[in-house]
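Each remark here refers to the structure printed beneath this line.
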Amino acid sequence: MKIKNPFFKKINEIKLLNICKALNVKNSDKKTKIIGINDLKNAKKNEISFFNSLKYLYLLKNTKAKFLITNIRYKNVVNKYSNALIVDNVLKSVGILTNLFYPNALNDLIDFNIDENNIKKYKNINYGKNVLVGKNVKIGKNTSIGHNTIIESNVVIGSNCSIGNNIIIKNSLIGKNVTILDGSIIGKKGFGFFPDNKINFRYPHVGMVIIKDNAEIGSNNTIDRGSISNTVIGNNTFLDNQVHVAHNVNIGNNCIITAQVGFAGSSFIGNKVSIGGQAGISGHLKIGNNVQIGGGSGVIKDIPDNSRVMGYPAQDIRNFLKKNK
Amino acid sequence: MKIKNPFFKKINEIKLLNICKALNVKNSDKKTKIIGINDLKNAKKNEISFFNSLKYLYLLKNTKAKFLITNIRYKNVVNKYSNALIVDNVLKSVGILTNLFYPNALNDLIDFNIDENNIKKYKNINYGKNVLVGKNVKIGKNTSIGHNTIIESNVVIGSNCSIGNNIIIKNSLIGKNVTILDGSIIGKKGFGFFPDNKINFRYPHVGMVIIKDNAEIGSNNTIDRGSISNTVIGNNTFLDNQVHVAHNVNIGNNCIITAQVGFAGSSFIGNKVSIGGQAGISGHLKIGNNVQIGGGSGVIKDIPDNSRVMGYPAQDIRNFLKKNK
Amino acid sequence: MKIKNPFFKKINEIKLLNICKALNVKNSDKKTKIIGINDLKNAKKNEISFFNSLKYLYLLKNTKAKFLITNIRYKNVVNKYSNALIVDNVLKSVGILTNLFYPNALNDLIDFNIDENNIKKYKNINYGKNVLVGKNVKIGKNTSIGHNTIIESNVVIGSNCSIGNNIIIKNSLIGKNVTILDGSIIGKKGFGFFPDNKINFRYPHVGMVIIKDNAEIGSNNTIDRGSISNTVIGNNTFLDNQVHVAHNVNIGNNCIITAQVGFAGSSFIGNKVSIGGQAGISGHLKIGNNVQIGGGSGVIKDIPDNSRVMGYPAQDIRNFLKKNK
C-alpha cells in the first residue's frame, strides 16, 4: 500500500542533462526527462534507480528504470539491463539526486508557519496552553493536545488521541486512539549522512513516521522519519519512556517495547514482539513474530519467529542463563 | 507510614453486586458494600484484596479482607480464610476494580486546569516565563520555578527547591531543598497494562512519586508514579541525566545514580547505593545497602548488602574483572 | 589556546587568611592575596593549586603556585616545592575554594534575565514563537532559533546555525553552521559532587560547553559543561539522539556518535572516532584517532589509535565476534 506523503514537495521532472551535471557524469542526452527516484523494484521507466550490490541482481534483471546510478565495478552488468550512470559513491549520488527532487527535505528543522491561533479552528477537540499548530494539519474529534505542544504543517492526527505536553510532531501520520506522552519528538530527520572531512553530506529524509491505531508512545521518545521509505509503529504497539527509533524502522502490531530500548535504522520487527529495557537492535535486521528479547540484550543478527533471546550478542535465552549461572 | 494521596478521587463505596458484574463473577449478595481495594496485609474487612501466589499464604492466613479476587486454582485455600471471587485473570481484575474505585486514574495525561496566572498568588518564590500551575498546588518559600515548567494540580513542592525549565510534574510530593533539572518528567503513569490482541488494557496508576529532602533529579529524567503503592526517591539521593525510574521503584537515601541508568518496575534499592552509567536494574528486585553497581551492568537478581557487582548479568566485580582481563 | 569564559563572575582576589578560614587550615599570614585557583601546570605564583597524587610529581616540581592544597600524606613532598595547606579532603577543599572565587557558579539553574522581547533586536536571523533570550547573547547572521527555545545570558551562537525547538542552551560557545535538534539541553552543571550523609556537597562547575563549526547535536541530548576545564564537541562531529556527554569530555573532529551513547566525565576522544548505539565510555579515558567502537560496547580502558573494539568490556572486535560465534 502506497500512502501519500504530504510533507515534501517534489519537483515534477528534471532533465537527465541536469541530473548528470549534478552527479558529475558525462552525458550528451539533451532530451530525456526524469520524473523521480525510486528503488529497483518500484522504479518506473522514466525514474532513476541505483545498483550497489550483486545481492540485488534479481531485481536488476526486471527493473523498468532506464537509468541506474552505479559505480565502475557494476558498469557492465548494469548496462545489460539498463543504462549505467557511473559515479564514485553510489549512495551519496542518490542523496544528491534526492535533494534535486525534494529541495526542501533538508531544511525542515523549524516550521515557521505554526501559530498559537491555528488551534482555535478545530472543533470537538481539547487543547492546552501555547499549543502551536502549522498549516493544513488535520486533527480528529475527541482528541486532546497538551500544553506547549507543537504540531507542524500537514501532520494528520486521528480521532480519540491523547497527545501530551511539550511534544513535537512533524512529518507524521497518526491513527486513531493513539497516546503520545510528554516530551516525545516524532518525525525529525534520521541520522543518515555521508562523512566528509570538512562538512558531512546530509542525506535527505523524505519519508514519514506512521503511527497506527491504538498505539502508545512513552515520554521523551525520539522517533525519526524514514529516508525514502517510512518509519512505522504498528497497531496496539506500546513504547515505554526514552525509547529511540531510528529512520526506516518498521515495528509490527501488538509489540511491547520497554524503556530505553534503541533501534538502529531500517530494521523490521514482527508482530507480538516484546523487548526488555535497554536492549539494542542493530540496523537492517529482521526480527520475526512472537519474539521475546531480554532486557539489556544487544541484537546483531536476524531472529526467527517464536524465539526467546537474551545477551550481548543476543542468543537463545536458555543458553544465556545456563552460561551465566 | 501512610501518606495521603491528594491526586486520585476515590469512590466511597461500591456494592459487591456491581463489582461482581464488572468482574463477570457470579454473586447473589445484594447488600454488602465494599469501600476499597488493598493488599492482603493492609486490607480492612470491607475492602477487597487479591491472592495470586502461594508465596503469600502467610499473609492470606491473617488477612481481614472478607472478599478476595483469585483464580480457580486457589479457590479452596482462599475460602478457608476469606471468600473467593473466582476470575480468569487476577491482575487484570484488580485493574478493573481499581478503575471502578478511581474512575479518573487513567485520564490524567493533560491537566486542563493549569494556567499562567495561577503562579502569581505564591509569595516568596521566584518563577520564570510561561510557568503553568494547576489548582491547589503548594509551593514552599524560597523555591524557584523555571521557564515553561508545568506543575499540575495538587502537587506539593517544599521550600528551598530549584525546579528548572521545561519540567512537567504531576501526582508528586516533593520535599525540601530538592533540585530538579531541565526537561524532566515526573509522575506520569507507569508502563503497566495487560496485553490484548485488539486494544491493550491499561492498568490504572493511583500511586504517586515522592521525592524526599535534598534529592537531586538530573535533566531529561522520567520518573513514573506508582500503580497502587508509590515511587520513592530517598533523602539526599542524586540522579544524573536521562535516568528512567519505572513505577513503584523505591530508591533509598544517599544513593548516587549515574546517567542513563534504568530501573524496571517495583524494585527496592537500599541506602548508599551507587550505580554506574547505563546500568539496568530488572523489576521486583531487592538491592541491599552500601551496594556498588558498575557502569553498564545488567542486574537480574537480588544483591545483598555491601556488595560490589559488575557485568551482564551482574556478578561480583572481582570475578568480572578477572574473567575479562 | 585559552578561550575567555564570559559566564562566571570571578572574585579578583581573596586574602589567604580568608581562604584558610574557609578550608579550616591554620594560618597566620595576614598579607598574602590570592587571585585564583588553577591546576599545577598552569597556576601562576599567586594562584592556589592542589596536589593529590604522586602521579603528578613531575608537575609539582615545576609549579609556580606558592600555595598548594594537599593532605597530610603529601605534606613533606609538597613543602619541598611550594607551601602545603593541609586539609582532610583535597578535592572537596578545591570545590570550596572554587565556590569562593566563583560565588554564582552553583546558582545557575534558571536565568531570570531572559525575556521574549530580547530576540527582536537581532537582525538577519529567523526565530519562532516564545523564544526566550538572556542578556548579552550573541547570535550570528542567517541563524534560525526554533519555538520555545531558551538561550541564556552570555551564550554565543555563530552564523548559519539551526537551533531547533524546546532547546535550552546555557554557558556555551557555539560555532558556525552548527545544528542542534529539538529538546537538547546544553551547558548545565555536571554531575560532580562530594557525597555527604546529610547533604551532598555540590562541586561548582565554572567551565563551558564549546561546540565547534559544522557539528550536529541530535534530539534530547544532554551535554554538561566542564567543572574547571570545558566540555568540547569537535568540528564536523555529529551526535545522534539521546546522547549524554558528561562534564569535561572532549570529543575530537569528524566523529560519529550514534543514539543513546553515554560518556562519563573527563574522557578525551580523538578525531574520526565512530561509536555505535548505546555504547558507554567510562570516565578519564583516552580514546585515540580513527577508532571504531561497536554498538552496545562498554569501554573501561584507553583505546589506541586505529583500533576497532566491541564488547563489555570492549576488546578487539575480531576477538569479540570469534568468541561469540
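Labels A, B and C are assigned to the chains in the order they are written; within every chain, residues are numbered from 1.
Throughout what follows, a contact is a pair of C-beta atoms (placed from the backbone, for glycine too) under 8 Å apart; a residue touches a chain by one contact, two chains touch by 3 or more.
Treat the numbers as computed from the prediction; the structure is a model and nothing was measured.
Visitor: As a multiple of 5 degrees, what angle does the CA superposition of chain A onto its copy chain B give?
Guide: 120
Visitor: Is it true that over half of the residue numbers where chain B touches chain C are used by both copies, so same, or is it different?
Guide: Chain B and chain C contact each other through largely non-matching residue numbers.
Visitor: Centroid from C-alpha atoms only, then distance chain B to chain C, rounded to Å. What do you get?
Guide: Centre separation, chain B to chain C: 34 Å.
Visitor: Which chain C residues reach two or more other chains?
Guide: 130, 148, 166, 183, 220, 242, 260, 278, 312
Visitor: Under the definition above, what is the set of chain A residues touching chain C in their complex?
Guide: 109-110, 112, 114-116, 130, 132, 148, 150, 166, 168, 183, 185, 188, 191, 193, 195-200, 220, 222, 224, 242, 244, 246, 260, 262, 264, 278, 280, 282, 298, 300, 312-313, 315
Visitor: For a test of understanding, state which residues of chain C touch chain A in their complex under the given definition.
Guide: Its residues touching chain A are 126, 128-130, 144-148, 162, 164-166, 177, 179, 181-183, 214, 216, 218-220, 236, 238, 240-242, 254, 256, 258-260, 276-278, 295-296, 311-312, 324.
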